[in-house]
Amino acid sequence: MRDIAIVSFAQLPSERRADPRDEAEMLEPIINEALGKVGLTQDDVGFTCSGSSDYLIGRPFSFVAAVDGLKAWPPIRESHVEMDGAFALYEAWVRLLHGDIDVALVMSFGKGSLGSIPDVLNLQNDPYYVQPLGLDSISSAALQARALIDAGKATEKDFADIAVRSRRDAMQNPFAQVKGEFDAKKILKEEPYLASPLRKSFCPPLTDGAACVVLATAEKARAICSRPAFIRGIDHRVEANSLGLRDLTVSTSARLAGERAGVGKAKVDVAELHAPFAHQEIILKEALGLDSSVRINPSGGALAANSIMTAGLTRFGEAASRIMDGSAKRAVAHCTSGACLQQNLVAVLEAE
Amino acid sequence: MSDHLAAPYTFEYTYRRSMGPVIGRFLEGLRYEILEGVKTADGRVLCPPQEYDETGAPTTGEFVQLRPTGVLKSWTWVAEPRENHPRKTPFAFALVQIDGTDSCITHILDAKSPKELETGMRVRVRWAKEKRGTIQDIECFEPSSPILLGPVHLDFSVMPGVHQTAYLRGFEQGKILGGKCKATGKVYVPPRGASPVDGQPMDEYVEVADRGVLTTFTVVRIPFEGQKLTPPYCFGAIVLDGSDLPFYHLISGVAYDEIRMGMRVKAKWKPREEWETSVENILYFEPTGEPDAPFESYSEHL
Amino acid sequence: MSERCAVIGIGQTEHRESRKDVSLPGLLREALFRALEDAGRTLADMDAIVIGTAPDMFEGVMMPELFMADALGAVGKPIFRVHTAGSVGGSTAVVASHLIQHGVHEQVLTLAFEKQSEANAMWALSPAIPFQPQLVAGAGGYFAPLIRSYMARHDAHPDAGPMVAVKDREHGLLNPNAHLHLTQTLDEVKAAPMLWDPIRYSETCPSSDGAVAMVLANDKHAKGCKNPAWVLGTSVRTERTFMAGRDQVNPGAGQLCAKDVYDQAGIDPRKDVDCAEIYVPFSWFEPMWLENLGFCDPGEGWKWSMEGKTRIGGQLPLNMSGGVLCTNPIGASGMIRFAEAARQVRGTAAAHQVDGAKIAVGHAYGGGSQFFAMWAVGSKRP
């Protein structure tokens, strides 16, 4: 199988409804920035793939707006997934394996703050048995968090520690949204539950964002990037939808994807885990077999900025950046989708 | 005065009926919304249950729990209910084969009109609110739709973006703005986030004319859910003077069969005091009366 | 490309205006088990599932593949969701074929669906949104002006479109899977009311519930199958909806997409293609795509349609299944074209089979005639 690498990453600062730009206007600068960083233009791109969801803004074909941010003449090879942009990256990786092109552009965008994400995500639930109950995403995550506590696998204090660490790390990330020094004890004492046992700090912020990643085949990657992040393994798996059919305290799909991607084959320096809720980091670490020596979410992760449909691609961009900037040799990038970690995509990125 | 003698007479009495093991069990079950049938010796299920089948052979005494649904086997619409009918408003008498049974139960069926009824349709039990252990614990049957209503209600904000905002602000002033492509000099109405030919921003705005050439059009005659305009209406692609691609708007002020490709049209603006931040400040485009543009002059815009 | 890819199984649901008798998962399972049976496979044999459907607004479930993961036998496996507007059925099959061709998986189940009766497509396509005039009124509203442009540009005989409707409905009578089984004379088609001038009711696709599934396999697994359809070439192309000087009648993206497929397959569209299933939701798109895909010169398409060249038995049979004009579960329509092309070269199209078809083309398009997906399939392993 051909070697493919991430060679560039650009993102917009994550924020909440502060940006008047539409989707095309959000994408245009970061597309040109991501390509420009490695000396490419849109003419060098052989395949373009985007990830987004119509329901974020309640309009059909919202992805057509992404095409409006692109140079598309002469006509381009282009596709779209109704998934997080990390899955668009997966499609682009598959496309590059074909061998006829050497550069792919991946992007995603979302203005989640224009609607109410927890309610929008209820529409992912079973339309016969669950959707009518209005099970929002915070409540379903809370059911999982409770199960984790009841199983003796975590405490609220653990959740608070993760939130504090994430937001402290986010202070080093100019693109993060929620950052600063927080006190775990104070959170546990003073913050009311949004949906017990989840407090606000254990939940992701509402974020608008956009991200763009450039992939290249090995030879091209070496020519345009001093330290490409090679994709050594990538796989995604799903599990049953019904919460009542799953053991919510583990993530079988993340474990399977991690095994297939080869996470455990060697030491991992850094992992960017897409854990929108604090407790999900604990489940994911266990599923992927990441021990305490692994630096988790130096970017601050999804607790610091969670632009729906973009946060997963951002994890890939951040993990790759740790390789590209020399601070890590081997990194794990992860994206999740669906309620309570239903679907998981895992990749292992390495320097040469 | 008639030669014949007559006087009103009412026969009225409330009987006290014993029910035996089968009917008694069935009607008692109805109190708890339990619907049962009984098995016959030859393996069939009867509902309502009896101690015997139609040949007189005893039933087995084995009860089978049933779902409160079935198929309409026959029906009659009662448009004018009689005094002894269970309802004052129109309804149907019906024979219903409860699912899993081999006989029919006689009951009434509630519907708004006979148009809703069709032999073979699915029906369900509607339980009475107050139950007394009688056959009227089944208030009636009703058509059972296979459709589950799934209302979705989500509230969003719509932010039109930088370029479209500039465009809409233009309409507040009675101006139509386009964005200029840096690479080609072509003017796009409305302005777009990035040029299709070089992917760069088109943030130089120019005002274009409120008149131009109708390149092509359609007359919409189909109504649909959520439609704001009432059909029939005509909308068309108009290349405004000073712009380089068609923009879409309503065409009116002319009979539909006189609308043609190449026709010169101009904006019919609302009265100034009614202007908002909206493309709808232009009510529609109407013919200018100028000669039509030759086909070659706009064929590249089709 | 490290592997060859073949279609070894095809399944379609019964198509109706409303499949009230099945749930959403039930609809998909109907298609997928038929495809598996056709391939002689079980769900357990599938390495991955690639699914496509048009906007989620049609069914009111966001990313519905998630709640259907168990129904689709995807638990513990990869499931991948594509959405590229009307071309989605085609681009979904293209993604699935790449997974095989590049050695990522050996056997992939790909499927596409739409249960249009759960909502109203016109509403879902043209919602009333602030700041935007709601002019277009569904797909027909968008495409009617383009058809007018085509007719004017080539001075086409006004009967060409109606004749395509007559032909596709005749073809549909031969296909038990078609939604509409209609006998229609030219006079009847022309007497139908205009919905969007110049598109008549009778020249419009229906709104259907339905799903289609295909089992794709690599060399190793296709070898034992008696009539695999080999993928000879695949392509997708996109252009912007609005561009100065854009030719909307004969879009560049469609031309490039077709050329790419022919080049990969090493075929000449005017000599080597035995038949094609192309995406014709409104009758006039047959002549328009005939020209766009390089089967004939610009201006010749409407003549081909009128001369009967596109009938079964003609020079280039098109839409032998009755096409989108007979069956249109939007998100599935593109994949049905791809699957029908495969059926032809597998020789399993029964009454609508083109005798001896060896190479066939499947085509889908979407958006404002701007998203294209195509493949060519053949009976012989390349």
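Which chain is which? They are A, B and C, in the order written, and residues in each are numbered from 1.
Quick note on the criterion: contacts are C-beta pairs under 8 Å (C-beta built on N, C-alpha and C of every residue); 3 or more make two chains touch, one makes a residue touch a chain.
All of these numbers come straight from a predicted model, not from anything done at the bench.
A.B. asks: Specify the chain pair with the maximum number of C-beta contact pairs.
C.D. replies: A-C
A.B. asks: Would you mind checking which chain's C-alpha centre is most distant from the centre of chain A?
C.D. replies: With centres defined by C-alpha atoms, farthest from chain A sits B.
A.B. asks: So, what's the distance in Å between the C-alpha centres of chain C and chain A?
C.D. replies: Distance between chain centres, rounded to whole Å: 33 Å.
A.B. asks: Can you give the whole-Å distance between the Cα centres of chain B and chain C?
C.D. replies: Chain centroid spacing, chain B to chain C, equals 28 Å.
A.B. asks: Measure off the straight-line distance from the CA centroid of chain A to the CA centroid of chain B, and report it in whole Å.
C.D. replies: 39
A.B. asks: At which residue positions does chain A touch at least two other chains?
C.D. replies: Residue numbers touching two or more other chains: 55, 58, 68, 70, 72-73, 120, 123, 127-128, 131.
A.B. asks: Going by the touch rule set out above, which residues of chain B reach two or more other chains?
C.D. replies: Within chain B, residues 150, 152, 158, 160, 164, 192, 196-197 contact more than one other chain.
A.B. asks: Can you list every residue of chain C that touches 2 or more other chains, as numbers and ranges?
C.D. replies: Residue numbers touching two or more other chains: 60, 127, 129, 239-240, 242-243.
A.B. asks: Inside the complex, what are the residues of chain A that reach chain C?
C.D. replies: Those in contact with chain C are residues 1, 48, 53-55, 58-61, 63-64, 67-68, 70, 72-83, 87, 90-91, 94-95, 97-99, 120-121, 123-128, 131, 235-242, 245, 252-253, 256, 337-339, 342-343.
A.B. asks: So in the complex, the part of chain B that touches chain C is made up of which residues?
C.D. replies: Listed in rising order, the residues of chain B that touch chain C are 146-147, 150, 152, 158, 160, 164, 168, 181, 184, 186-188, 192, 196-197, 215-222, 224-229, 231, 235-237, 244-245, 248-250, 256, 261, 277-280, 295, 299-302.
A.B. asks: Chain A touches which residues of chain C in the complex?
C.D. replies: 1-2, 23-24, 55-57, 59-63, 66-70, 74-85, 91, 94-95, 98-99, 101-104, 124-125, 127, 129, 235-243, 251-253, 256-257, 367, 370-371
A.B. asks: Using the touch rule from the top, collect the residues of chain B that touch chain A in their complex.
C.D. replies: 148, 150, 152, 154-165, 192-201
A.B. asks: Within the complex, which stretch of chain C touches chain B?
C.D. replies: Touch residues, chain C against chain B: 20-21, 60, 118, 120, 122-123, 126-131, 133-138, 140-141, 144-146, 148-149, 152-153, 193-199, 239-240, 242-249.
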